[in-house]
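For reference, chains read A, B, C and D in written order, and residue numbers begin at 1 within each chain.
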Amino acid sequence: MLSSIWAIFLKDLKSEIRTRYALNALLMFVVVTISMILFATAGEVMSGELLSGLLWVVIFFSAMSGLSRTFVSEEDRGTVIFLQLATRPSVVYFGKLLFNLVLIFGINFFVVIAYLLTMENFKVKSFDVFLSALILGGLGLASASTIIAAIIAKANTKGTLYPVLSFPVLLPLLITTINMTQLSIEGAKLAETFGHLRILFSYFVVVVIASYLLFDYIWKE
Amino acid sequence: MIWKFLLGVYIAIITILAFVIPIGFIPGLGERARIIFLHVPSAWLSVIAFFVAMIYAVRYLRSKNIYEDVKSAASAEIGFLFCFVTTVTGSIWAKFNWGSFWNWDPRETSIFVLLLIYGAYFVLRSAIEVEERKATLSAVYSIIAFVTVPFFIFIMPRIMPGLHPGSKGDPEGAGPVVTFKMDPNMRILFFASLLGFTLVYLWIFKLRSRMEILKIKIQNKIYQEV
Amino acid sequence: MEFRLIGKDIRKSFGRLLVFDSINFELINGSSLAIAGKNGSGKSTLVKIIAGLLSPSSGEVIYQVDGREIDKLDWFKFVGFVAPYLQLYDEFTGYENLEILAKIRGLKSYEAKIKNVLERVNLYSRRDDLVRGYSSGMKQRLKYACALLHDPIVLILDEPTSNLDSEGVEMVWAIAEEQKKNGILIVATNEPEELKMCDEVINLDELKLKMKRQIVK
Amino acid sequence: MGLYEFLEKNSIYLVLIIALIVWFSVFVYLVRVDVKLKKLEDEFAKLENKEEVGK
């Protein structure tokens, strides 16, 4: 079971390294959005609060441009049956979730580095709060966008629908992480954000459990 | 037919009472607290309607019976309608109580998200042509949406400070309206109104699903004849 | 191990379009079934239902091992499947495709098995080429290798000889013979020659005629 | 004239009347749909019965 999940993850990773389907587009996307923000606000002094909101805007849209690939590419190339015949649906789900988790952490890492380099006013005072927002936010983001990618892959209009469907489901998460990022700039203690952490964590758990139960229905018709 | 007539009379009486019964003085809200008889029941109902939609979505996934999907969609539609009513009434009320139509209060955010989710749900439905696939995918989406909604409806408004009566940081005075420590008359009328709204919902729901089922049956018939 | 594959009153319709109705069969080790019919008669749909890739609208398919029913989630352990619409990962080599499959299936000591199946389908010399560079016939052979990798009890072949040269066709016949010794073979085809691979035949066209007559009555 | 002046002074009752009218029209609409639907369903059921007898 676990080794099969790992095998699917490795397959996706290897395929990604060979084809660079998602990676290149993603990195360019991050660069483009950040420079867009820089152009649009040229010369303005932006507050830390505004910047922490914008950070998650960048992360959300980068995720939307890359995370649907795992399922959509299988569907487009017709390799779905290969996987359907090889293992249980839940194994596929967790393999893909793992891949998306790695991808989202990659995105987060890259975005934050680029952000810290370009946005002068973005000064994080309490790094533990900031880091836990990124990690738990990443977990939640990957979990919800994986199951929605699976839905999207079966629909006719794949590209446009993805952010439309993901955004409302992700909003509770995004509002919480934005709030946490603001707190981290204000220098709040980790203990103060306990409520936020609980929301983020339970969001992740709830979405993963629901996806695990529902994935069978999407995967096989 | 007779109970439908009675329901009409019942709703009329409740509406009249909602405007005329004495509700006692509630600091911070005053007479504007009367909105509770229309606004809160319709908010509740939209949640109930979405819940019913989810139940039918689960039933569809289990049985693969297309009628369950039709009912799920019907309930979601009505939920959307009530949600819209809640948003509009709430927004108008907010103009007079808080000074602007929209304040991004957590509860306003949550209803906005509900509208977005079910908006996306209908977009998804319209984007898929194959009926079974449409039913399955939209069922899964509505369940996923429903498990994330509680974060908004029940948790967020209580954690984040907001303006809405009953949220964290609300001045002590308006609390009774939501915690039901309100005037006994008011409480009875509130629950009576909730009941009336539920009956109206059930009626529309029945109509909507009967209509769609009949449509499917007729289409099947036409197809068979050709 | 006694394996039993039962189809009970299988019916499938896409929306309002009825594909087929009341299909019944029962197969045990050593038996074979051919599914005949014109293009669009629902052959592929039926084999997909048997393999568990699609759900029937009503009726059911049952996998039994020694009288015990197998959960649908575990069917993949018993099925080998070759079809034109089955695609392989073309950014990987033939060997890698098989290796990935073996790992996902959780097979142990798969190197020898991969070598074995590659030799069986005569692709061993080309194992390290990317599938992207394969000809359509070679891809078809690789699909056979994938299907045979875990020694499936049920081998399902949809249009078994499409894209294959005469040597390839011979290979398919050999595989079919081998499969019938101990397992179950199901072939969906519209070529009369290939129907001979199997002992029993379900003809979807005739079934449709029968259904129409019933409606007229 | 009394009513007009009364409403002008107590505009809450004006709102009440509007609310009642809205509810009333919603009900009339629902009842009409209900009646029409019932009719259609009956007709459809008749059609089906007839065919079964015909067979």
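Everything that follows uses one rule, which is that a contact is a pair of C-beta atoms (placed from the backbone, for glycine too) under 8 Å apart; a residue touches a chain by one contact, two chains touch by 3 or more.
What you are looking at is a predicted structure, and each value in this text was computed from that prediction instead of being measured.
When each chain is reduced to the mean of its CA atoms, the one lying nearest the mean of all protein CA atoms is A. Subunit A and subunit B have centres, each the mean of its CA atoms, that are 31 Å apart.
As a whole-number value, the distance joining the C-alpha centres of subunit B and subunit C reads 49 Å. If you average the Cα atoms of subunit B and of subunit D, the two centres end up 21 Å apart. With centres set at the average Cα position, the gap from subunit A to subunit C is 38 Å. The set of subunit A residues touching two or more other chains comprises 221.
Touching of two or more other chains is recorded for residues 132 of subunit B. The chain pairs satisfying the stated touch condition come to A-B, A-C, B-C, B-D. For subunit A in complex with subunit C, the touching residues are 1, 3-4, 7-8, 10-11, 14-15, 18-19, 77-79, 81-89, 91, 216, 220-221.
Listed in rising order, the residues of subunit B touching subunit C in the complex are 64, 130-132, 219-220, 223. Residues of subunit B touching subunit D in their complex: 4, 8, 11-12, 15-16, 19-20, 31, 38, 203-204, 207, 210-211, 214, 217-218, 221. Contacts from subunit B toward subunit A in the complex involve residues 61, 109, 113, 116-117, 119-120, 123-124, 127-129, 132-133, 136-137, 139-141, 143-145, 147-148, 151-152, 155-156, 159-160. Every residue of subunit A that touches subunit B in the complex is listed here, in rising order: 144, 147-148, 151, 154-157, 161, 164-165, 167-169, 171-172, 175, 179, 195-196, 199, 203, 206-207, 210-211, 214, 217-218, 221.
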